[in-house]
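Here come two complexes built around chain A, the first alongside chain B, the second alongside chain C.
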Partner chain A sequence: MVASAGIPMYDIPFVSIGGGMGSFVTVDYLRVYGVPTSQMRVISNIDHPWQTYEFLTRCSQIPRGERIRSDSSSRPDNLWGFPSYALEEAWKDKNPAYLWQLFTEPLLNDYWTPRAGTVFENLEREAKRINYWDMLVKGQVRMVRRRAGGGYFTVVTPPEGAAPTKRIVFRSRFVHIAVGYPGLKFLPDLQEFRTKYSDYQHVVNAYEPHEQVYEFLKTRPGTVVIRGGGIVASRVLQRLFDDRKKFGLKTQIIHIFRTFVTGSHGPHVWSRRKGGDGWAYQGFNYPKSVWGGQLKAEMRKLEGAERAAKYKQMGGTNTPYRRHWQEQMRAGREGGYYHAVQGTVDRVERTEDGRLVSYVRSSDGIIREPVSDYIIDCTGLEADISEHRVFADLLQNSGAYRNPVGRLEVERHFEVKGTASGDGALYASGSATLGGYFPGVDTFLGLQIAAQEISDDLARRGFVRKMGPLRSTAQWFKWVFNSPV
Partner chain B sequence: MVPTLMGRIQTRLFLLATVGVVVTLLIMPIVPGVTAPLGELYVTGLLVLVAVGVLGIGWELIYHFLMQFRWEKDWPTMFGLLTLVPEGLLLYFLLRSGAVGFIDPIPAAAFWTHFTVVWVSMWLVANGPMRVPFIRWRFRGGRVL
Partner chain C sequence: MTDQGFGVVRPLPGNGLVAHVGGLLLVCDAAEAVAEDLLGAVRETAASGGDGRALARRVAQVLAAMMGEPVACAVAGHVPEGVAVLVSGQASASVTGSGGEVHLAGRDALTWSDRLVPGPVTRVELRLPDAGSAHRFARLDGGVISGGGVQWDPSETGEAAQPPMRAAQPAPAPVQAPPMPSMGAGPGPAPGPSMAPDWGPPPMEPAGPPMEQRPGPVMEPAPAGPPPYPLGPADPYPPAGPPMEQQAPAPQGWHSEPMPAAPSQGPGSGPAPAVPSHEDVDTARANGMGGDPIDVHNESFEYELLTPGAPGPSGTAPDMPMMPEPEARPLVYGVDCKNDHFNDPRVPYCAVCGIALVQRTLVPYKGPRPPLGVLLLDDGMTLRLDTDYLLGRDPERAPEVAEGAVRPAKVTSPDGSVSRRHLRVALDGWDVNLVDLGSVNGTQIQPPGDPNFYDIPPNEPVTIAPGTTVRIGVSRTMRYESHRNN
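Presenting the complex of A and B:
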């Protein structure tokens, strides 16, 4: 039917949709396992895998020289995680202090984390090594559908002029979906303000470009309201504090936490997280043992409501305890220019002189009406998966369904449940699969765990050879010497 | 690697049987303060490894219990190294007191040299090189099987 419609069709056994970090980590694994480039295609609307990631980190105030929130051995360019980023940076910077920090983390020191630049440079090296760009096909994926004879059709709109027809189709036995976050979601009161006043300049999301805020503050003293208690709020605060010091600014900061954490919290002495001054403190996005220890093992066995409860127990917005940030906030509180308050915001209005007034209600009944020049939404809310057309179509037409926390239900090996087709399989990794048997999905190490499960499943199905200790070691040496897989 | 209980025990036994044995074979000819023939030293060294393994199962239960008080259920790198102090002391006093009858008495210098070098080597391997041949090990809480 497809052929008779005159739509060009390409037979490729494995197709990965997305082309960001999730696709890259997965095809990197498969290349190392032994799949040739001719057997795989990555369909994407971006040119290099770290493009979206770099855009989001830069907006949220992590330029290449700053450090991300990721463990030293979570390296998406190296599936062994050895040598770790700390070893590499210590070697390149001739700085053994990094190793001391690694040894003493998180007890005497903050967690050591790599510079964003280190991550991107290594990704580029690895992408070249595995011939990533030989597999990249530019285009917008419209849908993935099961094929009557087994496997899947992936319908793609190529960039204008790149193909003779408006659509092209890939016929494949395996499809992998890693399209990242379906989209940003604003806090409702902020969305309402933006729509009502058509003002997209003064109420901004930290994940969208918002340099104008920092530039404005350099021209005259101003007040900024920060919303949210996660790492992005920490980052934005750091930028505001840094600029204040660097340029001698008079910026006032009002920080609104919906949940204001005052100390250690948790139901049991065995499940208590540190916190204070509004924040819940945690080194990484999840407790460290989700990537391989006890929590990973526990979650793997849980279903339905029990799984949802476990997610809830370890969830909640949090940020790392970093000594530098603590000092900046302490100075801000003492200097009277950093004010953290608990509250929910009923609405935001514009004052007559064009500033913003937030109507904040605290749980103790106090109403505050802080006036500011800008509001930065750092809550990092994510849109529902059905906002993405590929997921919406899968849920509607291909048998996929939602997990206990509302996202895509996947198997322990990341096959999307309910979508099997003949001898083919449909996999998904990344943020869309949060709520499954493995929690840390939207992290570097989580993407690697998913990629390993997928690769091992493909080995069970005979698509690629299994990876044993000898072959793994041989491949590792190839990585070290930067020779082709 | 963030361990589970089974992973801790398996990793310990595996590393003792591989890194521990190799390091023992290499270090025994040069440990200080011993006069016994090399063959006997090897037997003693390997028996010490067995003792570290057997006592270690008890130690790992304690570590696992202590780990429960940590929110992240992790085991910082430093702990992995510093636990050599209590483990070494306990074993040393057990050997000195004759409680472990099947191991010949060892001079203090020889015991601590052997024990420390083996321990540090195992710790170094567990903190990186182990991941090279065993790509699933770190995601399975340190389980080898």
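Presenting the complex of A and C:
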């Protein structure tokens, strides 16, 4: 029917939608497992898999030369995780101190993390090795629908002029969706400010380009309000402190935490998280037992409300403890230029002289009205999954439903529940699946674990050969020598 | 609050809010914070003698201010030629008019749906998803109650329903309309040639005059040139305000898409600044500038926008909203995010709400251009890029400033290396261009990430990217920064 309508249709057994880190990691696994490029397509509107990730890290003050804040217990370009980034950087930089740091973390040293640039360069190398670009199809995915005879149709709008028709369709047995965050969600009061004053420069989100803030502060003393207590807030804060020192600036910083953590917290003595000065600290993005320990085992069995409760217990905004940055904050408090307060912001207005006044209400009833030159929103809210048209369509038309924390409910092997179609399967990985049986899905390691589960499931279904130790070792050597899979 | 004039209104049971004020109906989700604003819109519209069209317009403004959050609500009210209805979110409406029954569901629309159903209308029903059915004895002659919907039979009491509640019928509004001066003025109704013909007293000044005065023109120029793309068929933006009045001729011409870029709040597009003619807007980015430049040097001061009306180079920046922002922001091709915020088609995330733009098929259309970013001078002066600038030692006497085509920005340097008319910053579409005006010491740019400065040729536009540093003459520099840096 589709074909008779004049819409070109392509038969490709496995289609991955997204084209970011999630798609990359998944097709990387499958390539290593032995799937030829002709059997897979990645449909995306970005040119290389790390594009979005790089944009967001760069905006949030982690350019290529800076170290990312996540731990390095995995690497997305290498499914074996060995050699680690630390070994590689130690080798390349001829700097054994990295290794010393690894042995002494986290007691004597902070956790070691790789440079953003290292991550991107390795991704590029691996993408070339697996012929990633042979599989990439540029286009806008409109929807994925089940096909009557099993499998799925993926409807795509190709870039203008790239195809004779406005739509093309992929018919496939398996579809993988990894479209990432539907987007950010700027705080409502900040959105209001922007539209009301048509001012996009003074109230900014940490995930969008906002260099003007730092540049302005170099020209004259100013005050900045930071909102949010997560990783990005810590990085923005560090940039402000660094600039202050480097250029001898007089920047004043007011930091507003909605939840102000004053000390260790948690339900009982074995499950505590360190905190203080407003922050909740964590050595890793996630409790380490998520990856293979008791938390993973426990979460795997939980359903519904219990699972949601567990997520809530381990969740919440938190930030890795970093010694350097802690010292900067201490100096800031002592020097009287860093002020952390608890409160929620009711609204932001412009003052007569063009500055910004925030109306902040604290839980103790005190109302503060700090005046600043800039406001940086570091809350990093994410939009609801239904804000993405593909997910919205799945939820509405294809039997998919939400998990206890509101995202897409997936099986332990990352098949989207309720969407099976004949002998086909629809998988999803990445942040859209947060809240499932496996926590930590929106990290590098999480993506890899999802990719592994998906590959193994595809092996069970006969789409690809099972991966045994011998073949895996052989593939690892190919990785080492950068020879094609 | 009786049925006089506008038939019988029956509430449907449910958990939302139902309001009936002077023949204007509202049904909305009570849990929404915006319910209060919506009720306010109904009351104010009734108080000022507005009709269904005015109501829908006000409600559209309220919804636009919600940044695209889906709000379940529906409103309806008379217009001279029938009934105007607007629905949003989970709400739905059905109207039986001369052309049969019309169904509208908020879910089908990206923003909201509205319709003008030509009369005579025999039945109107607004519902929230949980609405029950009406009891035949239930009536809501006026006021606000809990409920899930409302059913309105304009014909039931026998009265024609259509032009019922005109000036002569002040009754409905009294609810909260102390300030209805003109109400009593029966003669009012047939005031202007153009405005809502015989609909109540001339709508109150505040909202009305500027646009109402413009009977004819509003519509035709509106289409803003022939957009090559189909979207926003008739008029991408004019809707913000004007459409209502002289819409009469084309009953169906009452669009919903309008107000794409939340123009409602935009000082530039709201009702006030009688938008001259759209062509002007389109071509000239004439912001009616001209006027006192700001002396950056003497005032150690920053500064936001320099505008004519601005309080001169005092030590403080003028308040933006006050600023006579360019009344006519130039129109450029851009795209809406899924929450209907107008954006540069090249950016990955919406500049207003943050949602990813890449997930939709983007259909460009012409809309008022938001600020492109800022120029930050080395002394802290900040120039918002919403218009062209002329930088120099003595810019205010330049002819282009006198014509009002550009805003002057005074930049001086102790070594005298800045020419009188040194550099023009010309905005073109979504790009920022520099044109060195044949200055003595020239202009140099340092692209982002490049350690070197490069001369730009005189009198030729050069497009710069965000993060570019510009050297004006020998010793002054500025940077171009933008949230659109992708």
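What we mean here is this: the second predicted complex is superposed on the first by the 484 of 485 C-alpha atoms of A that agree within 3 Å, B and C clash if a C-alpha of one lies under 4 Å from a C-alpha of the other, contacts with A are read in each partner's own complex, and residues count from 1 in each chain.
Criterion: contacts are C-beta pairs under 8 Å (C-beta built on N, C-alpha and C of every residue); 3 or more make two chains touch, one makes a residue touch a chain.
Bear in mind that the values here come from a model prediction, so they are computed numbers and not experimental data.
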**Message:** Touch test for A:Glu215: chain B only (first), chain C only (second), both, or neither?
**Reply:** second
**Request:** Check the residue A:Tyr207 against both partner chains and state whether it touches chain B (first), chain C (second), both, or neither.
**Result:** second
**Request:** Check the residue A:Pro182 against both partner chains and state whether it touches chain B (first), chain C (second), both, or neither.
**Result:** second
**Prompt:** So, A:Trp476: does it touch chain B (first), chain C (second), both, or neither?
**Reply:** first
**Request:** Check whether A:Tyr359 is in contact with chain B, with chain C, with both or with neither, and answer first, second, both or neither.
**Result:** neither
**Message:** Quick check for you: in the superposed arrangement, does A:Gln452 touch first (chain B), second (chain C), both or neither?
**Reply:** first
**Message:** With both complexes superposed on chain A, which partner does A:Tyr10 reach: first (chain B), second (chain C), both or neither?
**Reply:** neither
**Asked** What is the contact status of A:Ala297 with respect to chain B (first) and chain C (second): first, second, both, or neither?
**Response** first
**Asked** Once the complexes are superposed, what residues of chain A are shared between the chain B interface and the chain C interface?
**Response** none
**Message:** Help me check something: in the complex, which residues belonging to chain A touch chain C?
**Reply:** 45-46, 52, 55, 140, 142, 157, 179, 181-186, 188, 191-192, 194-201, 204-205, 207-212, 215-216, 219-220, 350-355, 381, 383, 387-390
**Item:** chain B contact footprint on chain A (complex, rising order)
**Value:** 73, 79-84, 87, 102-107, 266, 269-274, 282-283, 287-289, 291-297, 449, 452, 467, 469-470, 472-473, 476
**Request:** Please name which positions on chain B make contact with chain A in the complex.
**Result:** 1-4, 7, 67-69, 71-74, 76-78, 81, 128-129, 131-136, 138-142
**Request:** Name, in rising order, each residue of chain C that touches chain A in their complex.
**Result:** 65, 67, 262, 265-268, 300, 302-304, 315-321, 325, 338, 341, 348-356, 358-361, 370-371, 373-374, 376-380, 382, 384, 386, 466-467, 479, 481-486
